[in-house]
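Each of the two complexes below includes chain A, the first together with chain B, the second together with chain C.
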Partner chain A sequence: MSLQAGLEPGESLEFEYAVQCVAPELVDSLEVSVMWYTEGKGGEDIGVHLFQRIGREDLTELALDQPRRLSCDLPASPLSFEGRLLKIRWCVRLRLFLRDGRELSADKPFYLGHLTTDL
Partner chain B sequence: MDGLSSNPFSTRFTAPGQVDWIGPSDFFDVLCKRWQASNYRAAILGAHGSGKSTLLEHFVPMVAEVVWRRDALGCCTVGGDEVGREGVGCEVEQAIQTTVGERQGFGSSATQCAYWLQLRKSEPQSMVVPWGKLSSASLLVLDGYEQLNFWRRAIVLWRTKKIKTGLLVTSHRRTRLPTLCELSVSVVTARAVIERLTAKFDEGVQIKDTVLQQRLEQRGGNLRDVLMDLYDEVEQRRLGRKRGW
Partner chain C sequence: MAKLFRLFGKKRGGRMSGWWVVGSVSEAVFYGLLFLLGIVSLTTVVTWRVFWPASSILEIGFGFWLMVIASSSFVVIGLTAFLFQVSHVMASPELRSAMVDRAKRDHLRRSKGQTETAGSSLPDATILKDSPGVRLAYRLAPNQGDTAKLAVSAAFAVAWNAMLSVLIVICVQNHLVGNHEVFLTVLLVPFAVVSYLATRWFFRLFRRHIGVGPTTLEISDLPLLPGNQYALYLCQYGRVTFKQLKVSLACYEETTYQQGTDVRTERHEMTRKVVLGPEQFVVEPEKPLELDCQFTLPLDMMHSFQSSHNAIVWKVVVEGDAPRWRTFCRSFPIVVHPRPVPARDVANLN
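So, the complex of A and B:
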């Protein structure tokens, strides 16, 4: 996956993804999401900003190894935050659901805003 | 990049069920046999952070086909998917309607439904058990059973026995139920957990067995607390690096 690393609220996020080293016939479905999650010593919270699912029927028409471009406007909050007890992370998450029941996932983080970029 | 790299000891990696169970290869076979021998009514004992909830995460899906669960915040899930708050949703009804037959023993091919309640520490007596849903083909799981007062525990024991439903609880102290297993954390287990947590990260954690033993003793055998201490140390180390300490 490739995308810009640091972004501001309201800015447009553009990224592209491709699936390599996985035979297309093994893939049952694919999910792409732009999301945030918390990380730290407490419970985890998540929020999904953009979600796109491509099912088996549509996958057959796609060449997975060819880059696919997506974009979305980023929200005003929550901003990325790098605290000691709590972190708020934004990422683009790609999940592959294989026909044998396995699941592969890849995250590409990016930083929204500039609250704690000095850290 | 330190700024966006995860702390391997964050709750999202250390929460019950996130790390594979560490123990002898035949552990769950033995456990299933004991579970059957106890007539599906038993307790998992252990101190805070000894792995009781982690064991439930692995064991309950083995002995029940459908798992309805309510966490301490009231969030309900069926098979891991969130279905709402507080009430037993229609999703579990649908799941149960597809089941056939009476109980033939947990762990067999007979479909079972487990109702798994995580008791709220602040108000454990307010726990609402879905009694109307329980039958001889279901299992009631209570995580944090010792938080119930004497009368609530007595009611749970009596009613589950009357309905002939399975009952699996976790507790810090002995109960009137047969003990399925009693957990404690050894240095070997703690080290294995730490190694698994750090395997995917650059963050090397060098800790001698004697120090790990000492920390476990200081924390009363609570591995969760030891991992939280390591979380702080990783954060401290990263902060030091950023500030050039």
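So, the complex of A and C:
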């Protein structure tokens, strides 16, 4: 995946992804999501802003190794945040479900907003 | 990944022994069997009563209804947990979150006609706006910490003293009839000590609650936005001279996590900005202390955040230090929203 690293709320997030080194006939479905998640001492929470699922029927018409482009407008919250107990991070996540039951996932993080740890 | 289970000692942390799917499937099988057990037992109990009403087995009474309730609970718990486990295995966390968000949006659109997508990670400010102020727009509700402590101490003191009274009456009666219960008599001593300490604790809290008096705080607008200016109105009742009184804006990180079988919540103060004081004030019963102040929020600040296990909480904190009373601290939760973005369509979920 490739996208720009730092973004502001309201900006348009554009990215493209391609699946390589995995034979297309092994892939059962594919999910792409733009999401935030929390990290730190507490339990992990997630929030999905953009979600797209491509099922088996649609996969046969697509060439997975060719780049596919998606875009969305980023929301005002939550901003990326680095605290002592809690961190809020944004990423684009690609999840592959294989026909043998395995899952493969890849994350591309990005920073939403320009807060620093020194508030 | 550890493959062997420790026989003794508490499991700590989030590590797992084995593939998570095995655990989820096993849990689903367990709840499925629980559901079937509930169905079978409920059907047996009900049909026995319907087709053999004259039978003495499973007669209608306490036992019958207990069986019905227990079987029904097995059915409900087993089915709910089974479906939950199946969805856990079949759907990724992102898909489940997307489906929940879509259901919330649809519900909001149907019930309130809202077309804008609400930020699901922002705390709801409508509850804070329920109480209009006298001088400013809204009156803030204090955290229930102080009053809860007073209520708990009152309940404990009353319950303990009631129990002690009963034991004293029984002990005296026994002595009068010549049945000298030495153990009970000796037990009354530590019980009386606890009663004295509990009563003293309650009266100390009560005296401080009356002496310091309630604190009223009003604010000019909610929710707060970075870069904007706001007014605060503070009204402090009671009969006390404060060596210093100050009002601050504080931000806390809060996280909830599981430690073995315990659930713990930890809090860390990230930042604090004093908006008024510290200054010396005198509060009289006939003349409560009234203070007005203004503050401006910085442009670059983190907004309020709320999720299942984590939160960023903003509060207005009123702290006072009085010679006769211990330092008191009252906090009033507020909500800070992020700066609004231009009105464009945000991405829709598929």
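Simple rule for what comes next: the second predicted complex is superposed on the first by the 116 of 119 C-alpha atoms of A that agree within 3 Å, B and C clash if a C-alpha of one lies under 4 Å from a C-alpha of the other, contacts with A are read in each partner's own complex, and residues count from 1 in each chain.
What we mean here is this: contacts are C-beta pairs under 8 Å (C-beta built on N, C-alpha and C of every residue); 3 or more make two chains touch, one makes a residue touch a chain.
Since we're looking at a predicted model, the values are computed, not measured.
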Exercise for the section: With the two complexes overlaid on their shared chain, look at chain A and say whether chain B and chain C clash or fit. Expected result: clash
Exercise for the section: Identify the partner contact of A:L26: answer first if only chain B is touched, second if only chain C is, both if each is, neither if none is. Expected result: neither
Exercise for the section: Mind telling me which of the two, chain B or chain C, contacts the most residues of chain A? Expected result: C
Practice task
Pick one for A:A63: touches chain B only (first), chain C only (second), both, or neither.
Solution key: neither
Exercise for the section: Return first, second, both or neither, reflecting whether A:A106 touches chain B, chain C, both chains, or no partner chain. Expected result: neither
Exercise for the section: Could you say whether A:A18 touches chain B, chain C, both of them, or neither, answering first, second, both or neither? Expected result: neither
Exercise for the section: In the overlay, answer first, second, both or neither for which of chain B and chain C A:Q52 touches. Expected result: second
Handout entry: chain B versus chain C as contact partner of A:G42, first or second or both or neither
Key = both
Practice task
Look at A:R89 in the shared chain and tell me whether it touches chain B only, chain C only, both, or neither; answer first, second, both or neither.
Solution key: first
Handout entry: Common interface positions of chain A, toward chain B and toward chain C
Key = 40-44, 84, 119
Fill in the blank from the handout: In their shared complex, chain B is touched by residues of chain A numbered 37, 39-44, 82, 84, 87, 89, 109, 111, 117, 119
Exercise for the section: Would you pull the chain A residues touching chain C in the complex into a rising list? Expected result: 9-10, 31, 33-36, 38, 40-53, 71-79, 81, 83-86, 88, 93, 95, 97, 101, 103, 114-116, 119
Practice task
Would you mind writing out the residues of chain C in touch with chain A in their complex?
Solution key: 21, 92-95, 97-98, 101, 117, 119-122, 251, 253-258, 266, 268, 270-271, 300-303, 305, 307-310, 312, 337-342, 344-347, 349-350
Handout entry: Complex contacts: residues of chain B adjacent to chain A
Key = 3-4, 6-7, 10-12, 15, 73, 228, 231-232, 235, 239, 242
